[in-house]
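Both of the next two complexes hold chain A, though its partner changes from chain B to chain C.
Moving on, here comes the complex of A and B:
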């Protein structure tokens, strides 16, 4: 089952990924014909760029979800780690030391998430919800003085935002590079394969000798680290980071990208390609709706309707696996 | 004898009165009445969040004023969550230390209407600041957002010039917040008088800088000859400016926005050319207005909800050309001042 889902699309059996991919292609074709200026190189780059940070976060989320977990602290880690980093820089801490602190903090939160889920057996949804709130509350109240923290002038983060190859912004390359690395990891490494086993049936995976618990910890650390990268890219582009983003719908958008692409929340299914498909749909959709000038309220409605549709169709085509489903699944 | 005594007493009384009267005249009844009405009164500010320049500026100036006249000043931080704000207001009204004046920064037109009514019924004066709401508070202190929109549009038209494409893009906030809706109405009023100028796109940023960047990028690709963009808040206009920078249109697109006149957020960015014009609120004066109306209400003796005044702050579109050293207030300096105490 898992093997089929991560191979090339199985066209004989239409799954959610196939459906979403088809919708994305249809939308793309419709927009290319109907919307002037849609099918230009610049706009296509803008589409990919607009979902790069979202896609990077979704990669981290995907790995966690495939292993039958979820990381609701990703956005808090992304915003607060970078806000703290910039605050340290603005108050005169040396760059190396500031980065070391922040990296240590990020890895510690990832380890803590993983430890509680793997060894204390607390459901991931509660652990990460709590650590997310904690990270936000602690950094916001103790370490930074206001919501928006600017990047110091001339700092490498600011310069990073201006980096272009062939007129393509740097975050597109980072997204592509990370997607490729995650693909290699999930597809060709032993630990990558183990994630599917653990996600599909944790008890069986443990019985055949897979180090289920240490790997669980690794996934949350990976997710936290990816969040830091996403945060740095956001700050690079905007020359500041606004911690208000923690209150936004970004977290749901990340889960949306992963789930809409066909990564089942019950674990063991999906891969990098699903994230790319999900990100492509969201990117094309948002871009087309912006070109048509649809108000934000309707944009959210349309986005939600498409998600709901994809989930319903998936529920009908791919019913829950009663053998491995268990209480407490999300 | 009795009569004589009475006469003496009367004469003495008269003499004493005559003697004392001048000192009565020198004793101004004002301070006593002032202290009697104001001493120990509680003022509470519930902004959208305490983490941004406007709220921190208001809190700084109000705290100084309120504590100077013997009152106590408190803030609550709902951190952009409407429910948390509602909870803070509900708790404040119900508590033993119910504030005498509640200053509310409303998230939208309707959310807090019932709570404001409750507060007034309990005897608390309600001030609305910055964002209007569909409720007759005791006073509204803040921008006339319609007028502010008009100033932005005039700045944009001026920034474009007569020989430009005359195409303007808007990055609105959302479709629920009064500041966004009225700002839009004001902009359109001015543009109606200039039919040669047209709005080519008007996406929402949802007050988020990344969204602002993405919609502005799309807007600039669809209409590369846009001569001016009006972003509805300096909090997310950093996104619009990033998109302009990325499209290599710096200096060609005149970015207009509005904000609380904080140095790093507004003046520095006017100075480096990121923003073409910013319609700035004079925050110290706005806080002063709030303080004046609070002092008036507390001394008026009128029950809460009796009168409804609109105290609009003077707004002005500032460009790099008319920047002065005192055009902005400096949040860092205020924080340093607070830390030094």
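Moving on, here comes the complex of A and C:
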């Protein structure tokens, strides 16, 4: 057995992550050969940069999905929290106070999501669908006046967008740092391991004494905070935040990154590496499509087709476990 | 009686607490919350929006409501089958475009446009159905993805063909009528929604495919085990949803004469919210078309109302989010806790002060004095029988008794060693009687009145009586038919012990002590069942008097025996002949000496008698204590009592050893022996009665000698 492990890859252990990674490399090679201007330093940085925000959001989503949940409110929290923050700044609220408000708001939504899922036993999909809709609607109708809110001149968020190190924009480093932190959290901390236990079999986890419900709340709070960070980075690079992003397909891109990387929707499987692989594939794909000049509408169609394929494959590789599936777990 | 006790008596006997529990058992209480929400929504928006109820305003909004309702009906059916369809918005939009394309660009007839719209919806629905039904993917995410896919496709198509549609000259009267016209004051879309709602409702509640959908939604695995084709059923629900959404899309194509980027936007979350707000359960199995429609009206009124009140962008989403979160949470909590609440409030004890009784203690010298005679009885079928509640013997001396397993077992004369299952009825056969033709009539607990012919044909005689108008719980159903006897004219008089509890919950009925027992009569001539008397505390044994002009019946929890007159000046009335016995009476049967045998299923205890004067205590007890710690009637000792025509007690037999017949539910005299049965016993006893007529048999006493 040891020989197999050292020598040729064990084909039986070839999983979705491996396949996707192989496809990503093939695609990369094909694009490098076939597309002029793909294999330049600028373009490679652009690829990584384009998936940074997506990848950060996918990290938060990954933690929730591993724990057998889903957070459909991530994009709404991302856009609306930052939009509110910038609106507060633009109307003259002091930076500290504004940030405290937004932080409290994000925390409240995360707690609310987690509470309803954990303690009221409401399916995560419906809770987060509802809170996402509410967050967008409330902030848009009550707290801000326009779809897009600009970053005030000279504010640190604007400056953040200009920070570069070795010609690489800051969000790439933030993505890398967060990915490393999440890796440590999921792999080496007790609470991180709890997420896998609870995701694999919530009832068994509860029976061995894992605080399943508080951990559930923690995951949604974590996801909400990650969304806030992603929103700040978006605002930093674009100098404004457009709340219409909530109605775009960004949310599905996040799920796509997580699922296509091999994080099973039935929970308990996957990790940061899967997010990176998924982000790589999507980044290369989007970049290649942009270079070939496929219109955005068709890109959406292609992404949807890929996501559908990923979900079908996921359904075949990780079939639903009827024994541990919850009532209303659809 | 102290003042405090009198207050308690008033409080618990006059306030109808039991109605709360009875209302909660009704399925329609599920509809109450959405219905109230509907009334409140219409009231609030109707009063703050001027002209809300004006005809023109209503016509415009109902047109939209018709389209939306169609989509919600489809969503409801999918949700009843345990799934969810988030792609309805895309299907709606694509169908709309298909119709527009065929009509305006290809300039074909409107009917071809309709066909195109339907085809688009059915194909899309079939794709969803295949993925979710046959490939068993997760409904939510799968339809979410097909939704994005369909939306992307629609956006591409609309941007490509928008200009062509604008320039098209095609027009049609039919299209204008569907889009703008009315028929008997209602628009076509409303008519279509009404028709589809009625058809779907009938299909769901009264047809095999509809039941299959509900069964799959209620419990997938059970449905599979029952032989239902689960995957195909799920597939069909999505196809149906696609069909509904495509009709909606066709209607909006007619109304707007085109398709725009806003067509069907946010429709999926609106439809989902509508279904859930209406009370269609997530996870399937519970809900109805009517609920979906109520939700549709609530959601559309709220969103349209807010737009007309001038609230800005985003308000819709905010309100939908709140509605969805609240409705889903209520739905889940209600589903989880309904039976708990029901258990808490259903038992509503009443006050009763039992009369003083004579002692039954050995050596007390009263006529009720228990002795040890029954412990000497022989046993029949020891260890083979479980729960012979009643025993009876036929003309050929064979012995019959019911068992817990729903069977009637026959022991063969003369030694009663050999036995066979005479008939299988189901339920729990309790009281037995032979009619003139030798049919065995049985009161089957939880089922009704049954007849078994000598050829073992089982026939149901009656399972219901007339429904009374004032009762909330369904009192037409026989819940606990207990004992029967047959008048000389062939009419079968029988008791139904309680209206509020099933047969196996007799202990709860005793704790509640509400008087809901009945005496009924079944007339074999026309097959009708009539309620003769109502309002007794657990009516039990019935026995025709020797002259056939009256009958005796026992009222267990009140420890009384009544006489009901069939003929004479007092016909149709009952009078109490024995009151305040020390034991709880069960079956009553004739004795050879012109008297009557009566079984005692248990004995009164001072503690339980006291608890009957404290309904509050019993209420707390049933709520807070586990069932095996409840105080309820003592059924560990009983006996057999002989009483005469006037109600005077002749003698009492008991088993003080407690080994053979601790509790007795029935006894039957036959050729000088007394055959004794007990509902919790594992045998039938045979006791030799001293000085009894060795030739007297019950069939001969009822129907004369052998023909």
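Operating definition for what follows: the second predicted complex is superposed on the first by the 295 of 330 C-alpha atoms of A that agree within 3 Å, B and C clash if a C-alpha of one lies under 4 Å from a C-alpha of the other, contacts with A are read in each partner's own complex, and residues count from 1 in each chain.
Following the convention adopted for this analysis, a residue touches a chain if its C-beta (ideal position, glycine included) is under 8 Å from a C-beta of that chain, and two chains touch if they have at least 3 such contacts.
Just so it is clear, the structure is predicted and the values come from calculations on it, not from any experiment.
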**Request:** Using the touch criterion from the header, give the chain among chain B and chain C with more contacted residues in chain A.
**Result:** C
**Request:** Determine, under the contact definition given at the top, whether A:265 touches first (chain B), second (chain C), both, or neither.
**Result:** second
**Request:** Figure out whether A:297 sits in contact with chain B (first) or chain C (second), or with both, or with neither.
**Result:** both
**Prompt:** A:277 contacts which: chain B (first), chain C (second), both, neither?
**Reply:** neither
**Request:** May I ask you to decide whether A:140 touches chain B, chain C, both, or neither, giving the answer as first, second, both or neither?
**Result:** both
**Request:** Check the residue A:312 against both partner chains and state whether it touches chain B (first), chain C (second), both, or neither.
**Result:** second
**Prompt:** A:255 contacts which: chain B (first), chain C (second), both, neither?
**Reply:** second
**Message:** Applying the document's definition of touch, where does A:229 land relative to chain B and chain C: first, second, both, or neither?
**Reply:** neither
**Request:** Have a look at where A:88 lands relative to chain B and chain C in the superposition and call it first, second, both or neither.
**Result:** neither
**Message:** I'd like to check the shared interface: which positions of chain A are touched by both chain B and chain C across the two complexes?
**Reply:** 140, 147, 297
**chain C - residues contacting chain A, complex** = 82-84, 131, 135-142, 144-146, 148-149, 151-153, 155-156, 159, 220-221, 269, 272, 276, 281-283, 311-322, 324-325, 328-329, 332-333, 336
**Asked** Can you name the residues of chain A that touch chain C in the complex?
**Response** 70, 116, 120-123, 125-127, 129-142, 147, 249, 252, 255, 265, 297-298, 300-301, 303-305, 307-308, 311-312, 315-316, 319-320, 322, 327-330
**Contacting residues of chain A [partner chain B, same complex]** = 36-37, 40, 42-43, 46, 49-50, 53, 140, 145-148, 150, 161-162, 169, 234, 237-240, 242-245, 247-248, 286-287, 290-291, 293, 295-297
**Request:** Would you tell me which residues of chain B are touching chain A in their complex?
**Result:** 49, 51-53, 56, 79-81, 174-175, 201-204, 206-210, 213-215, 217-219, 221-222, 235, 238-239, 242, 245-246, 264, 331, 335
